[in-house]
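A, B and C are the chain letters, set down in written order, and residue numbers restart from 1 in every chain.
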Amino acid sequence: MNDMRTMERIVSTEGNKITARNVQVYYGTSHAIKDVDVDILDKTVTAFIGPSGCGKSTFLRCLNRMNDTISVCKVTGNILLEGENIYDSRVDPVQLRAKVGMVFQKPNPFPKSIYENVAYGPRIHGLTRNKAELDAVVESSLKKAALWKEVKDRLAAPGTGLSGGQQQRLCIARAIATAPEVLLMDEPCSALDPIATAQVEELIDDLRSQFAVVIVTHSMQQAARVSQRTAFFHLGNLVEYGETGQIFTNPKDPRTESYISGRIG
Amino acid sequence: MTSTGHIASVFDRDLESILALLMRMGGLVETALLDAAQALEDRDEELANRVRLGDKGIDALEEQINSECARLIALRAPAASDLRTVLTVIKIASSLERAGDYAKNLAKRTVVLTRLSPVGSSSASIRRLAKAVVVMLKDALDSYVHRDLALARDVRARDHEVDQMYNSIFREFLTHMLEDPRNISACMHLHFIAKNIERVGDHATSVAEQVIYLVTGEMPGDERPKSDVTMIAE
Amino acid sequence: MTDMSAGSAAIPRAKKNSILVASDNMRRRNAAEARFKIYGLAAIAVSMVTLAFMLVTILNDGLSSFKQARYSFPVSLTAAVLDPSGDRNRDEMAKVTTVGYAKVLIAAFKAEIEARGISTEGLSDKDVSDMVSKDAPGELRATVLANPALVGTSIDGSILAIGRVDGFIKGRVTMETAVRDGNVSPEQLQLAERLIEAGILTSPFNWDFITNSDASDQRPEAAGLGVALIGSAYMMLIVLITCVPVGVAASIYLEEFAPKNRWTDLIEVNISNLAAVPSIVFGILGLAVFINFMGLPQSSSLVGALVISLMTLPTIIIATRSAIRAVPPSIRDAALGVGASKMQMVFHHVLPLAMPGILTGTILGLATALGETAPLLLIGMVAFVDEYPSASLGGILDPATALPVQVYGWAQRADPAFIERSNGAIIILLIFLVIMNVAAILLRRRFERRW
């Protein structure tokens, strides 16, 4: 076996970044997420797959408490970020969201300059002391998002003037500027063309050396390409969770097999 | 390799890894054949036994290549020349595994032959045959690595010469067996050995055909030049 | 699989006609669309014609108010009359009333007429002096008191003529009507003609129309919009200061922070209803609450502004709410996702994007407020006000009037000169409204961003 590939394939077992146990989510009276137990490992890409309406986006939004903005949504169970329960009453969701960043389906840069887009997060969380540090953070975030070369001469240009793929990479740069520990991505490539999608996927592969990444995708091929761990959701239940290669060549649960081979969903 | 890598660099690394495995397997098979032929010539039982045991490693590699390719197809959904690459790797690994089996068989019969008296200059001709076939195999694998269409076609044409060499060895053994019936046992083994080596040559040709499929997208239509006339009764 | 050979197909098939020939269905549809287009064009044409008619009428009647008949002749400011103490002391000189100035003025007038050899036959001295406006001495007095050094010199006077002379120049008053008119006689009009020929009587541009305060019935020539303009300006300023912060804050609270329950629904319904309440009801409210209960001075700009604020507030709230709603939720999600608190999200992201809509709504609300008349009538702003409200903060408590109210007031009076001025005021009002609407459009274009 090619030794390098073995090393890459081994998922770093530096421990769980996020541990979810017995999570239930209710939308009013409807029980949307049922008894979900899952581990998000550090420096790993974990993919959530499943048919439409299976609850994967809902569960993702629990991880940074974005569901708080929906008044009829109720979350119970334990979600621990490095051992601390994020739904504890002492936790301020605003502070949590600096540690758990999010990238959305449709690229949504602020209608401000590229610099401002990336600098906004660090500024409001008070992460830098002066302009020089802020400049450095902006530059390093844009470099990590593989966008620096393309925009370094026009940082004052509006963020909305970039192409779709560039805008999404800008949103990624914005999310990682607050030095998060976990990066959540909700179908980040569904609004992009195939080349831009491939570029973003390559970027995700780079990013996993620094963060834990959780990506929700409706394309199982994307999950297969990009992740090391895959969780299959169906009708609000977590059906199977395991190493990606094993899930796609020999899944344990017949429902997983049906979904992956295109027989259901 | 294609000129530009994939945007997803992990795809490139996966492909390189299965190709590396294939080349390793090819190297092992070449060594096994040469060692077996050497063992036959030197009547070296120990070397022959080593070759026999080494076949396990070759089989394990084939299994590993198969599962890696399955994983690659499942996860990367290769298309066009990438797909042909993966398919040809699987086929070539299978051919190499068969060639490895023939080398093992050669080694087994060599051990038997050490207990029988030698027959004329048979071992020299067999060594020549083995060498020619190993060169064919090496060239075929080289042509795969470099996607060298001309070399692949050349390998395919050389099968004709190997067949002719086999024909002459066949007649040689007939002569030996007619001369002295005590030679028959040894000559039978030697004959099987020669046949096996000729089959390895066919597998090398098969590898070359996979190269043509990989590069052009189509299997070569024209029949292989077969010169094996031993089927025809004299 | 469907049976392709089924003869009894239920699916209707399109008849095989040439696409080059229009089918009946197409012809009917095209005819209907053409008719619809014609109706639309006809409607537009009717509105354009009506609008043109209205504009032409107003301009016709009102443009003349921007010119006013004046006599130009030198006036020697005799020191003996105007400054008896001789030391050019302003306070001392102020003791000389308009009577003294009238004497000086009339003397100069008569001197000029004689000097130019214009005949005054058939006219008594009083007739001649009557042709000068009763307001003219007051103007002269104000000029001299502003610059006491002028006493003893001779200045080129531009002296206001009486309203009837002005009417004669503009064609309202003719020789025939002068026969029956108690304020002017045909002989005076003939003198006026001669003065016109001599170049003494002209119609320069009337800046006083804009700066003067209102005048009594006998002096339509001196009536001006000054008080109305100041009154309207104070009111608009107070409306701006009260409505915009309150309205925007209320909208932000209702849109972003208020919980979605029955109470907020109730508030929303009430706000929408307030926008539909007839404006005169607000006038009664203002009378009862601000004037009777709180004791604020009647007819002051403050009360007018408060009443109009109540009317404009729902408009601004509704405009601001729809501007805030128009901000896409993806921007809010993005801000929250980066870790902004709700306040930061609203003030850093939602408001800047909603700003064009808020500005437009505010300016249009103000433009509507500028033209509101009914409530102001009820709180007494229709009274005759001839003193300017003071320029200090206390000026908002002084009696004032507003532009549209002044229009109403002048239109009520008998003298056709006032009617003319009423139309002139309408022109000024329209100019302001057009400026504000254009400003709203330009601001919206300038700030609108594409996202």
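Worth pointing out:
Here is the rule we use: a residue touches a chain if its C-beta (ideal position, glycine included) is under 8 Å from a C-beta of that chain, and two chains touch if they have at least 3 such contacts.
All values reported here derive from a predicted model rather than from experimental measurement.
Chain A has its Cα centroid nearest to the centroid of all protein Cα atoms in the structure.
When C-beta pairs in contact are tallied for every pair of chains, the largest tally goes to A-C. Inter-chain centre distance (chain A to chain B, centres taken as mean C-alpha positions): 49 Å.
Rounded to whole angstrom units, the spacing between the C-alpha centres of chain B and chain C is 102.
Rounded to whole angstrom units, the spacing between the C-alpha centres of chain A and chain C is 59. Among the residues of chain C, none is in touch with two or more other chains. Touching chain B in their complex are the following residues of chain A: 1-2, 4-5, 8, 195, 198-199, 201-202, 205, 221, 224-225, 244-245, 248-249. Those residues of chain A whose C-beta lies close enough to touch chain C in the complex are 64, 66, 69, 71, 94-98, 101-104, 106, 108-111, 120-121, 124-125, 160, 171, 174-175, 178.
Interface of chain C with chain A (complex): residues 259-260, 328, 330-331, 333-341, 344, 348-349, 353, 449-451.
Listed in rising order, the residues of chain B touching chain A in the complex are 6-11, 13-14, 16-17, 20-21, 64, 67, 70-71, 74-77.
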